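What follows is a pair of complexes built around chain A, which joins chain B in one and chain C in the other.
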Partner chain A sequence: MKKILSASVIVFMLFASGFWAKNIYAQDTQSGKTVMNEMLLAYYYPQTDAKSEISMRIVNRQGQVRQRRLTMLRLNQTSGGDQFYYIYFHEPADVKGMSFLVLKHLGRDDDRWMYLPAIDLVKRISSSDKRTSFAGSDFTYEDVSGRALDEDAHELIGEESLGTYSCQVVKSTPKRPGETEFSYRKFWIDKVTHLSLKVEHYDLKGKLYKVYETQEIQTIQGTPTITKAVMKDIENERYTEIAMKNVSYNVGITSDIFQERLLRRPPRQWIGE
Partner chain B sequence: MKLERLTQAVLGRPKLVIGLVAAISIFFMAQFPKITIDTDPKNMLPATSPVRQYNDKVEKDFVLHPDVIVLGIVNTEGIFNQQTLTYVKDLTNAVRQIPGVIVRDVDSLSTVENVFSKEGELIVRPALGDIPKTTEELTALRKSILDNSLFVGRFISSDGKAVAIFIPIEPAANGKEIADKIRAILPIDPGKNHFYLAGDPVARDTFGTEMFRQMGLFSPIAGLVMCIALWFMFRNVIVIVANMAAAMIGIIWSMGGLIGLGFPVHIMSSMSPVFLMAIATDAVHIFNEFAFRLREGQDKRSAILETMKVLGGPVFYSDITTAVGFAALATVTIVPVKIFGLVIAFGTLVVLLMSFTFIPALLMFIPEKHILKLASVQGKGEKFSPSLIRMGRFCVEKSKPILLVGIVLFIVAIAGLTRIHVNNNMVHWFKFNSEVRTADRVMNKYLGGTSTAYLVVQAKNDGAVGDPAFLRQIDGLQRELEKDPIIGKTFSLADYIKRTNLVMHDNVPIFNRIPDSKQEVGQYLFLLQSAAKPRHLDNVVDFSLKTANIIIQLKSWDADAMKSVIGRANSFFASHPLPEVTNFKPAGIAYFNMVWNHEVLWGMVSSFLWGLVLVLILLVFQTRSFLWGTLSFLPLLFTIALIYGVVGLIGKDFDMPVAVLSTLSLGMAIDFAIHFVGRFHQRYKEDHRKPGGDGLASDSQSHLKETLIWTIARPGKGIFLNAILFALGFAIMAFASLTPYITVGVFMAAIMVLSSIMSVIYLPALIQLWSRKLIKQTPRADRNCAGVVFVDKKGGV
Partner chain C sequence: MLSKICGFILIAFILAISNSEVLFAESADPWTHIFDSVHGFTEAAYGHKFAGDKLAQKNSYNLLEQRLQLKVAYRPQKPAWLASLNPEFFYKGDLLADEYKETLRYHIREGYGLVSPLSWMDVKLGRQILTWGTGDYLFINDVFPKDYESFFIGRDDEYLKAPSDAGKFSIHGRLVSMDVVVIPSFTPDVSIRGDRLSFYDNFLGRIAGKESNRIFTEPAVQPANTEIATRLYRNFGEYETAIYAFKGFFNQPVGIKNESTKEIFYPKLAVFGASIRGPAPSVGGIASGEIGYSDSLQDRSGKNRLIENSAMKYLLGYERDFPKDWRIGMQYFVEQMLNFDEFKANSQPGDIPRDEFRQLLTFRITKLFRLQTLEMSLFTFYCPTDSDAYIRPRLAWQVNDHWKFTVGANIFFGKHDWTQFGQLEGNDNFYIRVRYSF
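Right after this comes the complex of A and B.
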């Protein structure tokens, strides 16, 4: 054990540059935390429930395109706490009917199930890994479902205007490095809507590799909602465009549809063909 | 001869000439700081070559990294212990901090997702997450990893004794520098663990660095040996300075010109200094003749002029044959080879120019008192070594048995030549026990292979790759390829789909296959996209499911390994045709190496053959006789046949260094024969005019014999001494740590020794045999030939 320790110490000492140093000095400030919390609530938790139709367009280096179309149902248990998600894929044709059920928990791994129509199989997924891609896009599972406030140290590092928006800039540094692809992220959060307009991802050597940008915000039922966004992977020259259609809030989604057995028979009142 | 007039002009203003040469040298030297080094074998083919463009396209389309360093950890007691696993995790994190490493794409067990089924649940998590604390946990981890066929052979050996971390580096990064930085962070006391660094960038850039180090070490040593040799011959500092300066000027002008024109110094052109040094030894003839003239009591100026008058021809011809041999490389399509040939050809012409200008000018500065000493070194009268006389008699009297032995040797050599194996293996440029080669060998023993190839299978329509029949076809091809033990590991979309099918069906073995419906394949593919880094799938299939990429790991860097891949793929698709498949194409570093090897080596072989023809034509032109030209040419042919026959017989690959040397051997091996034939003619005619020669046939025959014995004993001695001294100089390179330098050293020594033997032993036998025809044709003592008369590399005439 001693050897292991000394080896790791050497390793860390030698590379105590970059992210390690930043980590030590990363500040978890109250102001940063407040701004970030407001963003999480505005982005992941608006209203009690929501139904939206999402189209994704993934474009690779060769210019080839993959299309995805899905319906997402969301129900909050508590604001800023547990949430239920039901995700149903309409397109591409060969995955039509594939669906996912996510019971998102704070502080422990989510409960997840999926349904594969091709072999009529419902399977429980146990995943501790949130770095995986969401449906092959440049968004990660974590980007879609959110990362808990406590997992990063948030520091308000300034104010900047993006176009007509005036933003607060927050730098978020993971408290447990090595589990994420990024060493830190920088958020540009609109002061009025509390939505993030831009997120920059920096790799372990501090190089910018991925940028998220909000392209359109609509106010739906009084709730400012991001309806178009893009995630660009700079290194791999890929990007994913995401567009929300038919967003409606407080439609009366009940918790009884978030059941494993209902994956085979999707709730048709919410999910069209 | 016009060149004499040049010398005449030079002697009027020796200081001006030396100053001018120095000024030009400073100009060329000023180019050196601009040096750029290029050790990437990829640049053997121009960026516009179809193979290279296709390779770039494949790498770009499938998001593949061309340069990947493999860090292997081997623990013969198994890697599933806390210490080794911690190393894997820590080192994976640590290497990502190294500049030049492509951070996000470092792959190891701690970065890849392991998707497996456990009690009906689908588990997705890093293959190596938290380090297990108990034996049970270690056992479970071992099972979860070794059960995943996607990992075995790639990230871990099937026996669980070796793991690999794949470290892609940026194209501009230096593989050796990064490897050194990785070495620096390796644990100092790793217990039972051993660390190995392999992969193309390590080998390539280590070679690049070592190459210059070795060149820096052995060029001066070879130079020093030559200086010592010169000292024993002439005992005069200026002579040594003049000879070494001529070599240096040749090197500086040609290398400076190369660098100044913006060309990078490539593996091949880095060898130019040693080659040019060998070529510059031609100047020895001038000193020798100069000393001879001084001994006759001529004054310095006329001695120089007389020397250049008689030597103009042979020095000119021996340098021109060398230059022609190298310039012939310009016919090769490979740009670095072309440049190398032209650089040496240019350097040789510089040496030639120096012989007529700079060297005579420098000789003017030898102080008078030293001249007497220099003259006296040359000894007085003729002294023959009794053993050489005996050898001479033997050669002349037993000409037929000697020729018979020669013919037998030649037949053996031809047999060897037919067994020559054209191949190049960059890892074999390192010695067997070197770090690089050991790492490669160990990694190849445990894992799928350190060399990579791709087979890109392209269908006609979008979505075709998702067809189960198509995937089964690819799967079948992979199994066929893996029958070759050199092909260690293959993986493709078929492996991912099979694996998913198995996991979805709770590891029931029968489901370790391609599913039957296209829909099922599509849904598995969709799942895979969510369970892995997008890049991993992008490596094996494109978005539109039209093109699939099979990644092939090879356990050898031999071109043959790749030939086996292509051969097997061809025969597989011939017997299992797929209507959808429009074509399949190989790519990757292994294929790339195979292609440029083929082009370089065969290009060199053909330019070498052209060189041979050109040299023969030059010799015929020089002697004004087809027979004499051919005769002078034969020792060269014999030497080369024997050397390459031995290469074939001992099973040494005909690789790039050997190919490069073939061209040099042209220029080097011919010199002794030129001298021998020239000296023989001169002596034969001189003696013929002496009183007592009555012209009778029998007397003419004995006269021929006497002349031959004299030639063997006198100039022959010089030839042997010269050969042995320079052979020793180059033999020192056998102690180099890179095999190409060892090859160069041994080869040069062999060329020297063999061509001297061929010239001194076989030429007399041949002259004897063909005497009737030859003597009739005894060339007129024209000015081209007469010069040969007094030529000898070694003093003692």
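Right after this comes the complex of A and C.
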């Protein structure tokens, strides 16, 4: 009986993942896990593939600004499952042309490669720690490519309004506490788009130290997409703003391109100059 | 004088471009576009020599230079037949005001055209940097030229790789991919000759500096001397595998043509090898293994004491990251001289003693601070069989998106004068580099 139940949940999730984008009024959220899964699908898995140009502004305590500009390609192998990512750096000048290839796996370490054009080196990178900063920003690798649903226990703790948005609030607590720098996170997830509008990170002493906020959502090709967001590090008084430009879905990315060649020969049709 | 003027020009150039962003952002003429596509850096570097053996040309420093690197890529959109090949032309050149050598040099590091005549084929023709294999500062199947002088005096890691004038033909298949590299004109490693770094000169039988007067003979540029390197590779799940084959020459002058005139040359060489790389089971991190058979074609029996013997080379590597931006890497390298009995039987007094199995351990530790803007790293080579070692500590600070400060050191230890690192003991140095990227 239990098996049938969990099988039907899985089928439901798979079905829903392709469906939610359109059926935006599906509000039959029961548990925290379901809400969180909806969020993961809406944020990390919309459509089959995506191309976006990402700008980051990293501002430190002194107000000094560093900027990153990169193009990201994403392809889902299965919705809610393994994914391919390709990241190409346009700016700053000293990393221009550098690229990353990531095969994201649920349940084991990602496969990650880096290409350094100046020495024509394809380097395999160990990815045991997903909590490292992404490109020197306040976002982590996990923030960019997603944290697996099963890593945390998700508890629906209430409903709250954020501005005009009506949100469900989920508290996510890591199942293996030693591996993260937070003891738990609180998500404000919009009931309509299923995107998180705010995420609070609490440290091991239970103190709030990091806050993520969505600043702009646009509907692109029928898909609600976060196009501006900020991650504030309260403890260190710094923040990173992130903005997505030229987002398009279903641009025709296929799995066979995610090979070493992609690193040595960047796909100009998607990344431009 | 000349280099001072150049230094001044470089500084003026830095100031000009650091102020130019605002100006260029406003105007949208074609020049803006061209200027936008030019990138590079200017760098000033100084490397101080510790009280060394005072044998080189200059003895208080071995690095004092200003460099301007410019690179530009051009991807023509017409004519249509050319655009359909997805063409890319890339050019990267270095203007170097080298106060050590008292020269002003312009060096083209890369200058190539890259096209895809077929959807599954890439052709890259021209001067290019070539790299493959799994080693970290250790090379078995990467037979392409290196510049160890740059490596030992504190230039950026980029300069360890020297360019080749070559054609690279790549075929990408579903089951297997292949690279074929054709190098018509042999390019050797940048050798240590005593003018900047002292070394063990086996003709003199001691550490020598600028007085070393070996004569280097490179293979003639002729069709028969074309070097060919190939790599066949594919992934099995998360494991990358490759096999390699090479026919050409040693990149180091490991052959003696004439002992009395101190003529040395680059003997013929073939290398066959294989490598594998992937996640280490259960412990996490990346493990790799590489093997190579180095076939010394002009001394296959090992009887000729004037030419390097054939060898087997083995490499095991492991790298892992840890929370808070820690990363460690370890390698174990073994070089087995083949026909060792012949080597021993034919050695003469004064020849450099060698072990049948030379073992080398490397250890890398890296830690990033302050949102990855400050990098502290230490790379160590330790050779228990030669009883020598080489350590490379480095601290690099990315001040902002343009400025980068790097300080580091190259320190050598050795029991004997003739071993790989031991011979460099008189060249210990620390260096500082300031770079502005644009």
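Keep in mind that, in the parts below, the second predicted complex is superposed on the first by the 243 of 273 C-alpha atoms of A that agree within 3 Å, B and C clash if a C-alpha of one lies under 4 Å from a C-alpha of the other, contacts with A are read in each partner's own complex, and residues count from 1 in each chain.
The rule we apply is simple: a residue touches a chain if its C-beta (ideal position, glycine included) is under 8 Å from a C-beta of that chain, and two chains touch if they have at least 3 such contacts.
What you see is a predicted model, and the numbers here were worked out from it, not measured in a lab.
Note on chain A: of its two partners chain C and chain B, the one contacting more of its residues is B.
Touch criterion met: A:Asp120 reaches chain C, while chain B stays clear of it. After overlaying the two complexes on the shared chain, residue contacts for A:Lys205 are found with chain B alone; chain C is out of touch.
Shared-chain residue A:Arg61: touches chain B; no touch with chain C. Of the two partner chains, both chain B and chain C are touched by A:Ser133.
Applying the stated contact rule after C-alpha superposition, one finds that A:Asp94 touches each of chain B and chain C. Look at A:Arg268: by the touch rule set out above, it reaches chain C but stays clear of chain B. In the superposition on chain A, A:Asp111 contacts chain C only, with no contact to chain B. Of the two partner chains placed by the overlay, only chain C lies in contact with A:Gln259; chain B stays clear of it.
Residue overlap on chain A between its contacts with chain B in one complex and with chain C in the other: 58, 60, 64-66, 92, 94, 118-119, 121, 124-129, 131-133, 135-138, 181, 238.
Chain B makes touch with chain A in their complex at residues 60-61, 63, 82-83, 86-87, 90-91, 93-94, 96-97, 99, 102-104, 113, 120-126, 129, 184-185, 187-191, 466, 504-505, 515, 517-523, 526-527, 529-535, 537-538, 542-544. Against chain C, in their complex, chain A makes its touches with residues 58, 60, 64-67, 91-94, 96, 103, 108-109, 111, 118-122, 124-129, 131-133, 135-138, 179, 181, 238, 256, 259-261, 264-265, 268, 273.
Per the touch definition, chain A reaches chain B in the complex via residues 1, 3-4, 7-8, 10-11, 14-15, 17-19, 58, 60-62, 64-66, 89, 92, 94-95, 98, 114, 116-119, 121, 123-129, 131-138, 141, 178, 181, 203-205, 207, 209, 235-236, 238. Chain contact summary for the complex, chain C toward chain A: residues 37, 39-41, 73, 75, 86, 88, 114, 116, 122, 128-132, 157-158, 160-161, 170, 172, 174, 177, 233, 235, 238, 240, 277-279, 284-286, 288, 319-323, 325, 327, 371-373, 398, 400-402, 404, 435, 437-438.
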